[in-house]
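So, here come the structures, one by one.
There are two complexes below, and they share chain A, which is joined by chain B in the first and by chain C in the second.
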Partner chain A sequence: MARRVSVARTVAITVVAWIAGFIIFFPILWMVLTSFKTELEAFSMPPKFLLFKWTLENYAIVQERSDYIAHVWNSVAIAFGSVLVSMLIAIPAAWAMAFAPTERTRGTLLWMLSTKMMPSVGVLVPIYLIYRDFGLLDTRLGLIALLCLADLPIVIWMLYTYFKEIPIGILEASRMDGIGPLREVIFVLAPIALPGIASTILLNVILAWNEAFWTLNLTTSKAAPLTAFIASYSSPEGLFWAKLSAASTLAIAPILVLGWLSQRQLVRGLTFGAVK
Partner chain B sequence: MATQHTRTLGKILVAPSVALLFLWMIVPLVMTIYFSTLRYQLLNPGTERFIGVENYIYFLTDPAFITSLANTLRLVGSVLAITVVIGVLLALLLDQVFIGRSVVRLMVIAPFFVMPTVSALVWKNLLMHPVSGVFAWVATSLGFKPIDWFAQLPMLSVILIVAWQWLPFATLILLTALQSLDNDQKEAAEMDGTGPFAFFFYIVLSHLARPITVVVLIQTIFLLTVFAEIFVTTGGGPGLATTNLAFLIYSQALLQYDVGGASAGGIVAVVLANIVAIFLVRLIGKNLE
Partner chain C sequence: MSSIRLEGVRKAFGSTTVIHDVDLDIEDGTFVVFVGPSGCGKSTLLRLIAGLEDVSGGRIIIDGRDVAKLPAAKRGLSMVFQSYALYPHMTVRSNIGFGLKMAGRPRDEVKRKVDAVSTVLNLATYLDRKPGELSGGQRQRVAIGRAIVREPKAFLFDEPLSNLDAALRVQMRLEISRLQKSLDATTVYVTHDQVEAMTLADKIVVLNAGRVEQVGAPLELYTSPANLFVAGFIGSPRMNFVSGDLAAQLGAPTIGIRPEHIVVSREGDGWHGTVAAAEHLGSDTFLYIDVPQTSGITARAVGELGLKPGDHVRLAPDPGRTHRFDAQGRALRR
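Moving on, here comes the complex of A and B:
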């Protein structure tokens, strides 16, 4: 039975919803607009919304700062590196727990999840000291290893829920045909599981890209990703709003697009399946 | 059913993950506990000595601890209240049929993907600046005196930024839950002549009780350790006005080099987070069955 929806009601809801959406999105919109202004116009009062001299000079300046590309590369290396390594460790584990569960599987999964709930600040001191002693402070390797471990529970959990949805009948049929476990994984499982694996990578890359506790505390310059680079604009001598905006826009744009693509997985990944 | 062969294989495949997570959890935690019983100044290496629970006594009776604990609770409580209340309203709104729904949805969830250092600095400089910020312009245009956000209302400023970051999370989860509300249930209520308010309180809210619990628990775990937003905006100040537990521990460890005291603080934070985590893990565990 179709519900009757009056035109007036739809119009009213449309207006309210767009206003709400605009208000929430405004800080991002404003940042993007500011990134195209000159430093002078970025400060101007009253603020200029669209009628200003559009310029790309901030982007050029940000790019020219020789270290900018290095920070982008650090972010890419750390986000993708940590997620890919944790995928390598997690896929076999999730596969085993989904397809060969034992009476201890549930407990193991919940225990893994509980490690994610340990506040990072609780182990800041030992991690900092270990990293100092092993020369891992301000290295990409150090951050990749750390974020890989921090990601691992969510990665395993997400993969597990995706694998769990694969009908066991398909596997049993192929097992009847007598294919070995390795070929079962490559030819039967992988094609079905690929979308789930891709979503898991996507969401975790987003989380790792935006991680801002360890990246701020364990890097200074060499291995600093964009989170830490942007933080350097908080110092008083860095009051360049247009450049801050340009650097920020570049830093969030790719991840915002990925985020929009992965909104469904977001709910699933971040609630650990507790909300469907 | 799993044969003996696959069971063994399963154990071998799970083992690396379990071993790594176990090490990742236990080694730093044991070290933190160990350090928390020492007098250990990073700048005076070699002078470490065992002092038992003194660090805890010192940390827990430090007025800064009480202040930062109160700030932590204020931050967590306020952000939860804002995100849940506005999140429910937004979810109800986005669940309606209207023009451009998918675009509005994208706009609403966007803040979640902005890295914390960017959100904090954009809010602080472009929006909340007392002279050239957009808020100041709005206030002046309406005939009010602009607020110097970070000087006059530092904690509220941090709360607003963090709430903006987490609002999409709450909204998206509540929206997902709303969309699973049975259409039959809606229609039955409609045919019974249930008014909009009765419908909201008896049907929608009771349906949302569980997702709201999930939102509250997950956000609490993350909000207990908000760090980057404070680090780049106020540095915990003015005074201790925006120092939460995470920031206090950070400043004891890496600004005052007091390893023992910071470790004791870290253990306190772990205990607090675990109290919340117990409830969350139970809730998720129930869902696994």
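Moving on, here comes the complex of A and C:
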């Protein structure tokens, strides 16, 4: 460390960081707390922080009223399915762009990214009509296909960035070893890029898990994932804060655990290339 | 092993041509070295033979078959890279055996061959290590092992020693030479180091700006360079070139004399000069001498010489070893 950092400074930075972290985390904490309150206490004024009657009744009611497991399964299928399919397309695409670029590669990459800037609602009607005509409404397959296509630009960009860090000489060495393109990707590129591939999968699973626009608009019941499960508590009989919170807590729990377990990988993935 | 033949090989990147119609014969079992200054196209030419770059024109014939359109993986050659390019996620054993394994050879055959190669290259005790745990010299040996284990049609080396320190470079140079002789392997070796070229090659190809300047045995290039470029490139310190009146006296627009072919004395015959600098290396002394009508002459004297800057000397070029060049820089034969 070239610069000497005083103790006071360290303490100040730590305190600020904790406060910032707490502010960011507070809504989630509040949601979890609310899920253990009765409906009455949930919107009592002044709000009660910890001193309330803890209850599990909201969870019981939520489970009784809607099939949580079915929604979880839909979410898992849609999130992982769409990411895995997009990886199958994106790995070869990123490989080609990183190691055999043409003069149009740069433009293609930017164009792909630009599609993410268009608001989804702009294509809702055409997509809805297409899905209706092809019988894809309220199907997991339909959502997997849609989220896969929506994810592709980000997935290709992330993989492209990771692949660019790998010396092309290693791939050339495998070609000189008599290895064709498919096995070059499977046995040489993929193992070396594994940390990057893993964080790409993780980040995009999280994005797909939380994706609400398309999942709410294109599903009703059969393929409805957890986003729809949460949404179902905000409309029918007015707002039930405690039950809504319980449903939301249940919905984010799996992805929260996944995110927690893979924290290190995720942070490395997100800052990859930023710091050498 | 195999012979390789280049016919009118050309490579252009966009509108820039970097290899101009190269014709070359590499006979079975010979050690050919491509040498030239950086940017002369020697690595590109090697990569064209390897199949890592596509030719823009011409034919690359290996054992009578044109492979110019085949991908690298199907040409049956192997290559040692300057950066070693080992597979970082595999052990030394897997690195060496990867090509064989992927070719679907039986496991015991792969093991036997990897063991044999690692014994030859003194790698037997490192087989379970990853490349990151090896020194530069060991990595280079693994890269060589990976190349020879497949028994390829020919070996391609792309400046394999330039990342090693000087002592290791000499040692590896000898090892490569010995290995090539014992395998009787057709080898194409790229280097910018003329000492490597002179010591390793059966045949040297001197390249300049994407063109072959001369092809020949090491001593042939030294004794009869075809032109000014080869004359200046081969030999260290480089050949002295003199033009004008001094050259005209010898009947040529330009003459060239190697530093070791000039006799320097305090008195006697020859050109007058003043010592500008003297480098005493013990076995040799390099003298940089100001001579009127020249841009300075370098002379090499054997042993320790009591000359110091400012001393007046006479320089006598060995007439039998003076090279004459025409106005286009081509050598004039005697």
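Methods note: the second predicted complex is superposed on the first by the 208 of 276 C-alpha atoms of A that agree within 3 Å, B and C clash if a C-alpha of one lies under 4 Å from a C-alpha of the other, contacts with A are read in each partner's own complex, and residues count from 1 in each chain.
The criterion applied here is as follows: a residue touches a chain if its C-beta (ideal position, glycine included) is under 8 Å from a C-beta of that chain, and two chains touch if they have at least 3 such contacts.
All of these numbers come straight from a predicted model, not from anything done at the bench.
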| Touched partner set for A:260, first chain B, second chain C, both or neither | first
**Study point:** First (chain B), second (chain C), both or neither touched by A:192
**Key:** second
Touch check for A:156: first (chain B), second (chain C), both, or neither?
first
| request: Would you check which partner chain A:178 touches, where first means chain B only, second means chain C only, and both and neither mean what they say? | output: second
On the A-aligned overlay, A:28 touches which partner chain: chain B = first, chain C = second, or both, or neither? first
Counting residues of chain A touched by each of chain B and chain C, the higher count belongs to B
**OP:** Would you sort A:67 into first (chain B), second (chain C), both or neither based on which partner it touches?
**Re:** neither
**Asked** Where does A:165 make contact in the superposed view: on chain B (first), on chain C (second), on both, or on neither?
**Response** neither
Interface with chain C, chain A side, in the complex: residues 167, 169-170, 172-180, 183, 187-188, 191-192
The residues of chain B that touch chain A in their complex are 2, 6-7, 9-11, 13-14, 16-18, 20-21, 24-25, 27-29, 31-32, 35, 90, 93-94, 96-101, 103-127, 131-132, 134, 136-137, 141, 164, 167-169, 172-173, 176-177, 180, 186-187, 190, 210-211, 214, 218, 221, 224-225, 227-228, 231-233, 245-246, 249-250, 253-254, 259, 262-263, 266-267, 269-270, 272-274, 276-277, 280-281, 283-285, 287-289
Per the touch rule above, chain C residues touching chain A in the complex are 50-52, 71-74, 76-79, 81, 83, 85-89, 98-99, 102-103, 143, 146-147, 150, 156
Listed in rising order, the residues of chain A that touch chain B in the complex are 1, 3, 5, 10, 13-14, 16-18, 20-22, 24-28, 30-31, 34, 43-47, 89-90, 92-93, 95-97, 99-102, 106, 108-110, 112-115, 117-130, 149-150, 152-153, 156, 181, 206, 209-210, 212-213, 216-217, 226-228, 230-231, 233-234, 239, 241, 244-245, 248, 251-252, 255-256, 258-260, 263, 266-267, 270-276
